[in-house]
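Shared between the two complexes below is chain A, which has chain B as its partner in the first and chain C in the second.
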Partner chain A sequence: MAATAPALASCSGVQSTLDPGGAEATQIATLFWVMTAGGFLIWAFVVALSLYASQWKRKSISERGAGRIIFWGGVVFPVTVLTALLAYALWLMPWLRPFGAEEGTGVRVEVVGSQFWWHVVYRRPDGTSVVSANEIRLPVGERVEFSLESADMIHSFWIPSLGGKMDMIPGRTNRLSLLATRPGTYRGQCAEFCGISHAYMAFPAIAMEPADFEAWLEQRSRPSAGVWAPSAGHDLFMREGCGTCHSVDGTEAGGTQPAGIALGRTPAAGIAGPDLSHVGSRLTIGAGLLANDEEALARFIAHSASIKPGSQMPAYPGLSPDELRAIAAWLKGLQ
Partner chain B sequence: MSDVSEAGRDRAAQEAQLRAVWANPSGWRYWTSVNNTQVGLWYGSAAFAFMLFAGLLALLVRAQLAVPENDLISAELYNQAYTLHGTVMMFLFAVPIFEAVAIFLLPPMLGARELPFPRLGAFGFWSFFIGGVFVCGSIFFGAAPNSGWFMYPPLATSEQAGIGADIWLLGLSFIEVASLAAAVELIVGIMKCRAPGMRVNLMPLFAWYLLIVAGMIIFAFPPLIAGDLLFEMQRMFDWPFFDAARGGDPLLWQHLFWIFGHPEVYIIFLPAIALLAMIIPTFAGRPIVGYSWIVLAAVGTGFLSFGLWVHHMFATGLPQISLAFFSAASEAVAIPTAVQIFVFIATMLAGRVIFSIPMLFAMGGIAIFVMGGLTGVMVALVPFDWQAHDTYFIVAHLHYVLIGGMLFPIFAGLYYYYPLIDGKHMSERVGRLAFWLMFTGFNITFLPMHITGLRGMPRRVYTYPADIGWDWLNLLSTVGAVVLGIGMFAVVVDVTLHRRRKPKGEQNPWNAGTLEWVSEPEENWGVRSIPRIESRYPLWDQKDLARQVHAGEWYLPDAKEGRRETLVTSVLDAEPEQVLRVGGTSYVSIFCAATLGTVFIALTFKFWVVSLLAGAAFLAGVIYWLWTGTGEIPEKEEKDIGHGISLPLYASGVKSVGWWAMFITMSGDGTAFASLVFGYFFFWTRHEDFMVGLEGPGMFWPLVALALFAAAWAATVAARETNRRGGLGLSRVLLGAGVALSIAGCAAGLAGPWSYGMDPTQHVYPAVVWVLVIWAAVHGGVGIIMQLYCLARSIAGRLTARHDMELQNVTLYWHFMLVTALITFGVVGLFPEAL
Partner chain C sequence: MWRLLPRQIESMWTLFTAPVVWAVHFLACYVGAAIFCEKPHLLGGDFNTLRVGIVVLTVMALSMIVISALLAWRQWGFGTGDPPHGDPTRRDRQLFQGYATLLLSGLSFVAVIYTALPVLFITDCIR
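== the complex of A and B ==
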């Protein structure tokens, strides 16, 4: 296992804890490699000693000697190693998640887990906020505080490449602090079993240069230009009542606003559907499920329930292919 | 010459008596047998069958995950399959298999004919079997639980429209009752039924471990039963214990579940170590090195295991200071575990090891388990767990621990103890093949899972996208699972087919030193006569012991009165105290298990009337069982057990096994109650305004209820005292008064929340008050039945000044009842006033 380790670490994927792009993940990966190397040595020693004792040895040792082996192997050695390990890990904890210290600086992100998608609100230091869904963006080199809540079941918010996970529990607000160190596109996923489409509750997480991130946030704080493009899709979107659940900034589509979020409480009724204000520019749709193109959008609208079991979105198989294409084109235009 | 033949005739006559007394009924009545050998075998076979079933579910899960974006089975079936896999392995295999082994092995190992409550043992088995079939069967109707074996609310409270969660909650509560029954039986058996002279420091290690484990069951299972109760109240009646919108908290379930769930891991693991502690000295040809070390380590593990549960909740957002505490405790448990492993290594170093199939499985198990233990040390560190939690790394870790620390030792035990079942050996060739298939298959399956998890794959996903680094790892795991399955299958074939061809071996084929190897597989009586023990390895150290036992030269060699009897000895020194007459073949065990099973199953489908009727039948069955089968006044005071010792046939109070059983049962019951009280204060800490402006239950009614219950307790104690002094009439009057006071106490207790119109569906505060008050009232109701039972026994002349066991035990119950009333009504009545 130890021999193949370096090969496994590199290029191990966009969701790998062993290919870190954040401060916490880096520290924990180091901790892991240290423990794995030490653990392997201990394991090999114990197994070799057992084999020696049971098969290879020529002469039995005295009972006194055997007693000493219990004392040194069973007590002294584990106490020493465990004390050192524990001290290291306890020292690491507040360093990894320094809550409270950076209150007020930089952007804060509120994420609400819901079956089976993520509602995301960026709170900017100037008091304004940007609503989004199913995608997390954060600046490299700046600590970002997350407030995590749930609208229904227990979910768990996790971007392995950046750091450890934190549960989203109804009735509670949990906090997480992440520091991205390397720009890139990572993948996050719900880690607590939350129902039938738990497997499809993922999201891309994009670590950007701070300037790019600011520019992105600024652009997102205004309605997309695509909103006003003359389009049959816009009219169909409104006619079919999509706006009842999905908000699109700059239109009358208000969605069901997560009123409780601002108050720091979980809305009892939940949030109906993801915000679509700039859906065209997102990397995926269906919470990390499909690559975002017009065809996938049309398919999802027509067959949401079969693509994503348990999805609350009603399927629209009655729409004609042209109508579906029109809606998809308009949505894709919301850049 | 004539003396010899006379002795021979005596011996043959004794054996004929014993054989007749301990005989199993024939035909279909065989299933009414309560003999520990039969019950142990059924128990073990059923647990083994459930394990194979759960193994097939695992193969289904692995087949679905073999390739990315697979659609072999639906998400719904996948969720049911993995939930049931975990549930069955934990509740229907891992714990019951050890109860089975213990019921089978302990009597001969301790030098007893039987455990003290054979009918209770049989009742436990049938409850387990009925509940197990019910839970397993659900998947064939697509109705199995589907939210994971730890059933987190709110997913399991609200998500499922079906009955899957109810099947889990009620089916498993029923099985937990069976586990508790077995635990009571094992504790009393180990404490009170050892052979004379087998002081606690001479006890076989298996008995030590089982004593510890059964004690852990008594304190670990009740919090889950309390949790199940709250959970089912929410599902059936919408009481909002876990509903955040109405003041409940899903985390309370996690606490209650893991207060059970972590000791559970050690409840599974310690008996497996106990098997190794029997096997390794035998094959090392010497006593274990560090007997005191390993016993203390096992006790330490047992204690520590109750302080670790939060390490399952490191990612729930608890304060870092609590995380640090539980992280340290979790690391600490590695120390006694290391001691146990090194005791084995030291024993082998100091002995000459014969490497047999049991040793092969033992060594393989240790190699796997040590790896699981080391990854356990890793995940016990909070930062690493933030990454590893709920991923395939954990799946790998827990399988290394459970399969290495439990399944392999079980197979070692199977190969080791098989000759005790029918005097034959299992096949060495098949055993070796099976071991290597299982060992390789296991590692191919689970070693890659560590990496799968670190590459970010969460557990419990029914499919996964291609090309993010998980494809070949999953395929490898699936291939390994098939190999592991083939290995298991080889053992099954060996057990069911191959043995028919094997000749019968000798009695103690491994030349082991412990007493269980004197038992004769073809006889039902456990031990022919009960020897005096002077060593930890009596067959090695006490020359000629096996022959003497078989020749009936030791204690209690006969069954002249035609009754099943065994010796009761003192707790620490095992000095003979009593000849205990244990229950024989009877329908009551099956009847009571079936009716209690019907209660739970009918509740699942909300068939209230059926459930009520079955409950009444169960109660009638239990009373019949007690009335006809317990507290019998013997035809003579004492019985001669040989070697000039005569022992009483009747004991009451602290000397009787029934008193101990009551004490242990009520300790468990008290733990469940304590868990509910914990819930009350947990909700208080969660809310600044605990009562949210709601009224009730006031001070008046709770204090009245408390006073009435205290008076009922005093009446019961007084009844016992007057009865003992021969005042039978006054004692009956006092019992009658006790009944009246208890009825009034129950009514007053319920009047508190009732008079304020507290609505338990409105908020968690009224719900938790109601639950506590109902708990006290139900216990009051049981207390009433007990008082009435004693009254009836007294009037029927079956309860006298000398023979007052029932009244002694009922008084003990009432001591616990008094504490329950004190706490319940003190908390619900006074605590809100103190706020």
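== the complex of A and C ==
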């Protein structure tokens, strides 16, 4: 029982293909169960046959009979099963990549993978866009098309509960289409080893009711009210040059300075660090790593690499605890 | 009917005919589809032209493999003797090679069908 616990635990939760919350994941889960059941039946049959041959069979069969068994069991049967499985998987493929006719009707989401975070841009049908990072939101019941790129090396975009994975390859734009069917908070994870904090490159994926999603986008398309709240944090944020890499709507923090190139980013990506316009309302800090509260924000600012090895954000040992708290409080206020 | 077939020759090369047809068919399908999807104007036509082209190639490849199998069947004495053909004689060597060629032809036949199977389901480069 104890041995099966990890296996059973992996059948549900926020990051399981076997507990699908989307149309593509449902298809993949069905494929998995069909393969598993089929594999088990064949395995049981082969074991029964070998038991029969070694234990229960009384007399040997003729050479002609043996030839027939080899022909039917060793040639016809595997060819039939493999043909059926291949046809089923191929038949499934267009369903997993349903692009084409209905293009341009819904929200398109562009995601750029970087060591070790995600730049996210929501392109709305009316031509406007909303920039975010390290969190994906999508409407339930509406097909969302993702454009996937990479700023440095190969990453892979995977929300197991919603669908299959798709690589993000430098110099290429890969496409992925997802249809969430069940509201909920799921977890996405980089699925291609990309450096020492690869395992910490995750994100929450939130499937919302379409009306809530629209309201969320509408709110995110304007600067957060917290930007103008009187705070020492804002001034410290600017003084320390945080805005060189991080953009914050409504401030002079652009986040698209050449520092991005200095950090090895491609100019095309035009981004050096995660957008922080509404960082206070995100569920996590550090790309799915810590719960989003002021303490975690302060810790991350002080020395991000101690939480996330290989993080390209510099440490700020010169900031006093009070200063860190002030910046964290201002950021947390960016709702 | 057997007069239509070429004279039987004794060479190891006949053993590889079917796998070579399989390999050439595989390359033609994949290289053709890759070029078509990356540079559609180079080859012309739409995706269905590509699918029909692959079907034609597949029928040709399967026909060649069937001919190779028929020749192999003749070399094997039309199945009159049973394997393993293990004696150190010229006749057994021939029968063994015919039998092996026949099996390889069967494998290549199935493989060519598997290579071509996606054209039944895939209707677009990005899908």
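Quick note on the criterion: the second predicted complex is superposed on the first by the 303 of 335 C-alpha atoms of A that agree within 3 Å, B and C clash if a C-alpha of one lies under 4 Å from a C-alpha of the other, contacts with A are read in each partner's own complex, and residues count from 1 in each chain.
In this section, a residue touches a chain if its C-beta (ideal position, glycine included) is under 8 Å from a C-beta of that chain, and two chains touch if they have at least 3 such contacts.
None of the values given here were measured: they were computed from a predicted structure.
By the document's definition of touching, of the two partners only chain C reaches A:98; chain B does not. When the two structures are aligned on the shared chain, A:198 is found in touch with chain B, with no touch to chain C.
Of the two partner chains, chain B is the only one touched by A:62; chain C is not. When chain A is checked against chain B and against chain C, the one touching more of its residues turns out to be B.
Of the two partner chains, chain B and chain C are each touched by A:90.
Look at A:14: by the touch rule set out above, it reaches chain B but stays clear of chain C.
In the superposed pair of complexes, A:125 makes contact with neither chain B nor chain C. Shared-chain residue A:171: touches chain B; no touch with chain C. Residue contacts after overlaying the shared chain place A:74 against chain B, while chain C stays out of touching range. Residue overlap on chain A between the chain B contacts of one complex and the chain C contacts of the other covers 63, 75, 79, 82, 86, 90, 93-94, 97, 175.
Across the complex, chain A meets chain B through its residues 1, 8, 11-18, 24-25, 27-28, 31-32, 35-36, 39, 42-43, 46-47, 49-51, 53-55, 57, 60-63, 65-67, 69-70, 73-75, 77-79, 82, 85-86, 89-90, 92-94, 96-97, 148, 152-154, 156, 158, 160-161, 163-167, 169-172, 174-175, 187, 189-199, 266, 268, 309-310. Chain B makes touch with chain A in their complex at residues 74-76, 79, 147-148, 152, 154-155, 159, 244-245, 248-251, 289-290, 293, 297, 315-317, 320, 323-324, 327-328, 331-332, 334-335, 338-353, 355, 359, 363, 366-367, 370-371, 374-375, 377-378, 381-387, 389-391, 447, 451, 454-464, 468-470. The touching residues of chain A, when paired with chain C in their complex, are 63, 75, 79, 82-83, 86-87, 90-91, 93-94, 97-100, 175. Only residues 82, 106, 110, 113-114, 117-118, 120-124, 126-127 of chain C touch chain A when the two sit together in their complex.
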